[in-house]
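Before any comments, here is the structure.
We call the chains A, B, C and D, going by the order they appear; numbering starts again at 1 in every chain.
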Amino acid sequence: MPEEVLATFTVRRLSILNESGDADEGLMPPLSDAEIRRMHELMVLARTFDERALTLQREGRLGTYPPILGQEAAQVGSALALHPADWVFPSFREMGVHLTLGYPIHLLFQYWAGDGRGLRTPENLTIFPICVSVGTHIPHAVGAAMAARYRRDPVAVCCFFGDGATSKGDFHEGFNLAGVFRLPVVFICQNNQWAISVPLQRQTAAATLAQKAVAYGFEGVQVDGNDVFAVHRAAREALDKARSGGGPTFIECLTYRMADHTTADDAARYRPQEEVETWRGRDPILRLERFMTQRGLWSEEYARETKEAATKAVDEGVRTMEASPPPAPEELFDHTGATLTPRQAAQRKEP
Amino acid sequence: MAQLTMVQAINLALRQEMERDDRVVVLGEDVGRDGGVFRVTEGLLERFGAERLIDTPLAESAIVGAAIGMAAYGLRPVAEIQFMGFIYAAVDQLFAHAARLRSRSRGRYTCPLVVRTPYGGGIKAPELHEESTEAFFCHMPGIKVVVPSGPYSAKGLLTAAIRDPDPVLFLEPTRLYRMMREEVPEDDYTLPLGQARVVREGTAVTVIAWGGMLERVLKAVVPYDADVIDLLTLNPFDGATVLASVRKTGRAVIVHEAAKTGGFGAEIAATIAEEGILHLRGPVLRVAAPDVTMPLPKMEEHYLPGVEQITRTIDEVLRY
Amino acid sequence: MPEEVLATFTVRRLSILNESGDADEGLMPPLSDAEIRRMHELMVLARTFDERALTLQREGRLGTYPPILGQEAAQVGSALALHPADWVFPSFREMGVHLTLGYPIHLLFQYWAGDGRGLRTPENLTIFPICVSVGTHIPHAVGAAMAARYRRDPVAVCCFFGDGATSKGDFHEGFNLAGVFRLPVVFICQNNQWAISVPLQRQTAAATLAQKAVAYGFEGVQVDGNDVFAVHRAAREALDKARSGGGPTFIECLTYRMADHTTADDAARYRPQEEVETWRGRDPILRLERFMTQRGLWSEEYARETKEAATKAVDEGVRTMEASPPPAPEELFDHTGATLTPRQAAQRKEP
Amino acid sequence: MAQLTMVQAINLALRQEMERDDRVVVLGEDVGRDGGVFRVTEGLLERFGAERLIDTPLAESAIVGAAIGMAAYGLRPVAEIQFMGFIYAAVDQLFAHAARLRSRSRGRYTCPLVVRTPYGGGIKAPELHEESTEAFFCHMPGIKVVVPSGPYSAKGLLTAAIRDPDPVLFLEPTRLYRMMREEVPEDDYTLPLGQARVVREGTAVTVIAWGGMLERVLKAVVPYDADVIDLLTLNPFDGATVLASVRKTGRAVIVHEAAKTGGFGAEIAATIAEEGILHLRGPVLRVAAPDVTMPLPKMEEHYLPGVEQITRTIDEVLRY
């Protein structure tokens, strides 16, 4: 139909660091060498944690666990852009975010071992409990942003989720609310291209997830999710914008789920190994290491020390987790409400 | 002290809590400029501004979901669902999140949230505007369910609900909104959640009701020597008061306007059957709507329990 | 951020007939004079029905009623593009659609009088019952489209809703499904710019509703919803496309709710009368009449006859409705399930 | 005839119904290529193609909503919700639509839809993967709720559910998926919905259970002279069988793994208190989880009713 054009929208993609480790200097976010090393160390920590979690699970010491392999740049790069007072709403596959923010390793392990006490966020952090029900935490993040704005708190709210979550009604309702009230919230989608066995093209007919922001009247951008600099830059700009009243942003980090969905899954049933191999070449840590080598930030010794430090921290986390006594049966009743109902009180006493 | 309708009493409770505590904010569809489709929030926008009287987009799951985030952040949101028939879309947020935030975070985050919604039949409104599915919500630990039965209890209970540290579903019997006036103190008062009210004392039969049915029960019991209990809070419900009465009377009739099967009357009857059976002289009877969904207005009086049906059931249990 | 452009989207607006009654001949859909008159007659019937419903409501002969005043073009124009085998999923404010498709007038009145029997669609029509819960019928339409495709039926499914519905999770989930499976469904939003007291700009930060289709990878278009030719053309093209395997389309009909939300509402509380007055000048029937006058299709006599025919049909509808006996109490139990449960059977016998 | 697990029995039922009736289609998350996260739909994609084994986007409300549209159009959709903890998002579609389509349209449109979902505890799965909130769904006229307790009943009931002209919620006790094998006929057979099964006859006490609890009940009752009833259909439930048994034994214990308050045990107890009370010798007791939400794996055995708790309760009621 020939008609009047009302509006035009473009969806952009940001990438800074390519697979060979070359960075576009014009786009590089301002990062000191120490900060770049910190990025790398955290990504190594995340991977070390993840490897250990898989081992522990195989040994029956953890329950079902969702690996983060391949998503370290998206998680560490974005989490490093957060301020201490910002609020974070994770889904269930952002252990790299937790680790970057200093969530105690033993608590993470405790949670994945099936012990709810691991979800009690330490007082110095404002991370919401892991959300298992996909996408349903998005409205919580939006509500927190409403509250932060009402309180005139100079904070941003940051909400993480996967590509599958973009299909949920709560994604839509939450995004729409964020748009209407121009809230200080940044939505970060780790588009790892799979939701269990459902590939992106069966999740949505949209060519990008970033373009979904068009529906809500705010900005959406795609970044190379395996490029820690691009992720960091996009997150930093969006969080600054949020804190300074510029409203919400949607960041799609295009990445890849290198491992099975969880330890209960067998991805070989539904996806070609070649696809995984292709993405192996795009490994976010490898890429950063190549960059660091070019910059003279990498050495065998540094690498060994980094891995050792990570291993040590993870070892300690496992030890602390396993040293903590199992929950007592009465703890069942501890936090349903501020006080027990008469019936709960009676049930608590039953043998 | 003034004679207020329930709409006015609720409005007053909201206004006073908002004055008292700047954490209290109201959100929902048409609650601001319009003052709510029943005028419950009338005048509050003018008094407290659009930051505290938030007209939301048409999205029930987001209304409750955002309220959860606000509550966790430290506010005391009062969310309105325009009619109970539209709360089903928010059940996921209520059950998977509001009810569990405290336990999920082992006490680190809490959810002092009130969800208000008009409920119940008898107003000749369109489909889904007269639901009374309160029982659904009474099987979810972590959520309190409160039902006032008049202006006085509405103000006292809503104030208590707003101050409660945990999520409360506050069901407002639409039929009563303007049906009666009661003396409602301007003063700050609360009615404790979890406590039933003995409305009338008697020794021959215990009649238990809540919300919109109480008024019909009170008409029906006139000729009887009946203890009448207004439950007020359904979850956690006041089993002690119910059992004390049944121990005295030996007979129990439970009246609710929801469909019988799986209605909240079942829990009360079960509790009596479990803990009060030795004192019973006859069956525990339920007066309830039939097992069909709420019909459109032309049929609604065939659906809702009427005075006569209550009377007949009391007569039946008195035969034992 | 300077970045690579991934994709560009445009949102277009179609209008053919302006307020003075001039039509863009190049854009006019192929319509015979008789068809144009039929359009007009149906719009007059819709308005006549609506006026009568308001009168009946005031007299206590109907229950709460949502007027359609001002939306006749959006409803009649689109419904006239439907084929008899197409499936229609209305919301609650599309009586013009019902009337165009031949839904018996007395049943419409019966429904709005609070008698559920009015919602039994006659066997020759495939109109779903009115959906009161805003937006929640969108997935039903999508499911019917899936079924139609599975059956290789050459039909389209057409789903109507308002601007408020675009905020609901079910809008999103349904649209996404329609996109993923490229289903034969046409979504028609009557954007009457108000959802009770909430104006469009508080419903969404998107500049148009049409652009929401970008999120789902299919086409969205805005049409002048008070321009019956534009609506008809857009609907016809979209329905043809759907029937021939081209996938879904979203049509935003930009119109205006001239009356109160329902007879229980008082719009003066929340919106300026001037806005209503501005839109009065854009009346869809007036506009068509101006066009018809220019074309020589309009005369005093024709107008009188049209109005009389409409009034007669509506009178008859009222008479038939009011002559039908009230439902019997046992009818409560008639259609909960194919058979009664034992408890229902017992309850049915209770006095 | 083969010894099958429940997963295999359900798979067989789906396969046979799909062979028999081309109206039957399956939709849900990961049901196609992956064969379902529990492998319940394994091999069906290969057999029936992507048009009948539909991998949907991650959207529970749309899964049920679209299935309603398909059912109304004339198909017989079987929708899978991956875990019961995610069905809450589909409650609006179930309650406002699936349950009411027939009555809303006065019989013109119907909704022959099955929603299958794994449910119940005891599998050490993450949060929201072990819900047993079946009671919610038993208070909604128009929806049947069915719970098999083994491979044989799973096949017979699922076949009946698919052929049923109205919506059925089919809850599959996850713990039983691979716990036991039973003889399951290849032949076409159905078990009638709404009919309980007397699993074991006795005269001293009636024990009523369903789904995952039945196995524990059968362990617990070994030393007792107990009638054991496997409810199989919760809504509409087989009151006649329950009452006949209670009339015989005079004692009733109801066992479910859901939280006690408002659980479906309440309805059974209430029915007994209403219609069977004259035959009772003692209280109607419920063995249930406490009034808290399902905890994470480390606590789950503290939550779920165990054999010992059932035994203790039977002992208690036998004291009367």
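Definition applied: contacts are C-beta pairs under 8 Å (C-beta built on N, C-alpha and C of every residue); 3 or more make two chains touch, one makes a residue touch a chain.
Quick caveat: nothing in here was measured; it's all calculated off a predicted structure.
Pick out whichever of the two, C-D or A-D, is joined by more C-beta pairs in contact.
Of A-D and C-D, it is C-D that has more C-beta pairs in contact.
Can you name the chain that lies farthest from subunit D, using the mean of each chain's Cα atoms as its centre?
C
Measure off the straight-line distance from the CA centroid of subunit B to the CA centroid of subunit C, and report it in whole Å.
Result: the chain centres lie 36 Å from each other.
Indicate the whole-number Å distance between the mean C-alpha point of subunit B and the mean C-alpha point of subunit D.
Using C-alpha averages as centres, the distance is 30 Å.
From the mean C-alpha coordinate of subunit C to that of subunit D, what's the distance rounded to whole Å?
That gives a centre separation of 40 Å.
Which positions in subunit C are in touch with at least two other chains?
116, 133, 136, 167-170, 173, 176, 180, 202-204, 336, 341, 343-344
Of all the residues in subunit D, which ones touch at least 2 other chains?
56-57, 59, 61-62, 85, 89, 92, 96, 103-104, 127-128, 141-142, 236, 261, 291-293, 295
How are the chains arranged in terms of who touches whom: line, ring, star, complete or other?
Graph shape here is complete: every pair of chains touches.
How about subunit A: which of its residues touch subunit C in the complex?
By the definition above, subunit A touches subunit C via 1-15, 26-27, 167-173, 176, 179-180, 182, 202-208, 210-212, 214-218, 221-222, 233-234, 237.
Once bound in the complex, which stretches of subunit B touch subunit D?
So the residues of subunit B in touch with subunit D come to 61, 85, 88-89, 91-92, 95-96, 99-100, 103-104, 127-128, 133, 135-136, 138-142, 235-236, 258-259, 261-270, 272-275, 277-278, 280, 282-286, 291-293, 295.
Which residues, counting only subunit D, touch subunit A once they are in their complex?
Going by the criterion above, the answer is residues 29-30, 32-35, 37, 55-62, 85-86, 89, 124-129, 260-261, 290-293, 295-299, 302-303, 312.
Note which residues of subunit A are touching subunit B in the complex, please.
So the residues of subunit A touching subunit B come out as 87, 89, 116-117, 119-121, 123, 128-129, 133, 136-148, 150-151, 169-170, 173-174, 176-177, 180, 334-338, 341-344.
Help me check something: in the complex, which residues belonging to subunit B touch subunit A?
Its residues touching subunit A are 25, 51-52, 54, 56-57, 59, 61-62, 64-75, 77, 89, 92-93, 96-97, 101-110, 141-142, 144, 165-166, 194, 236, 239-240.
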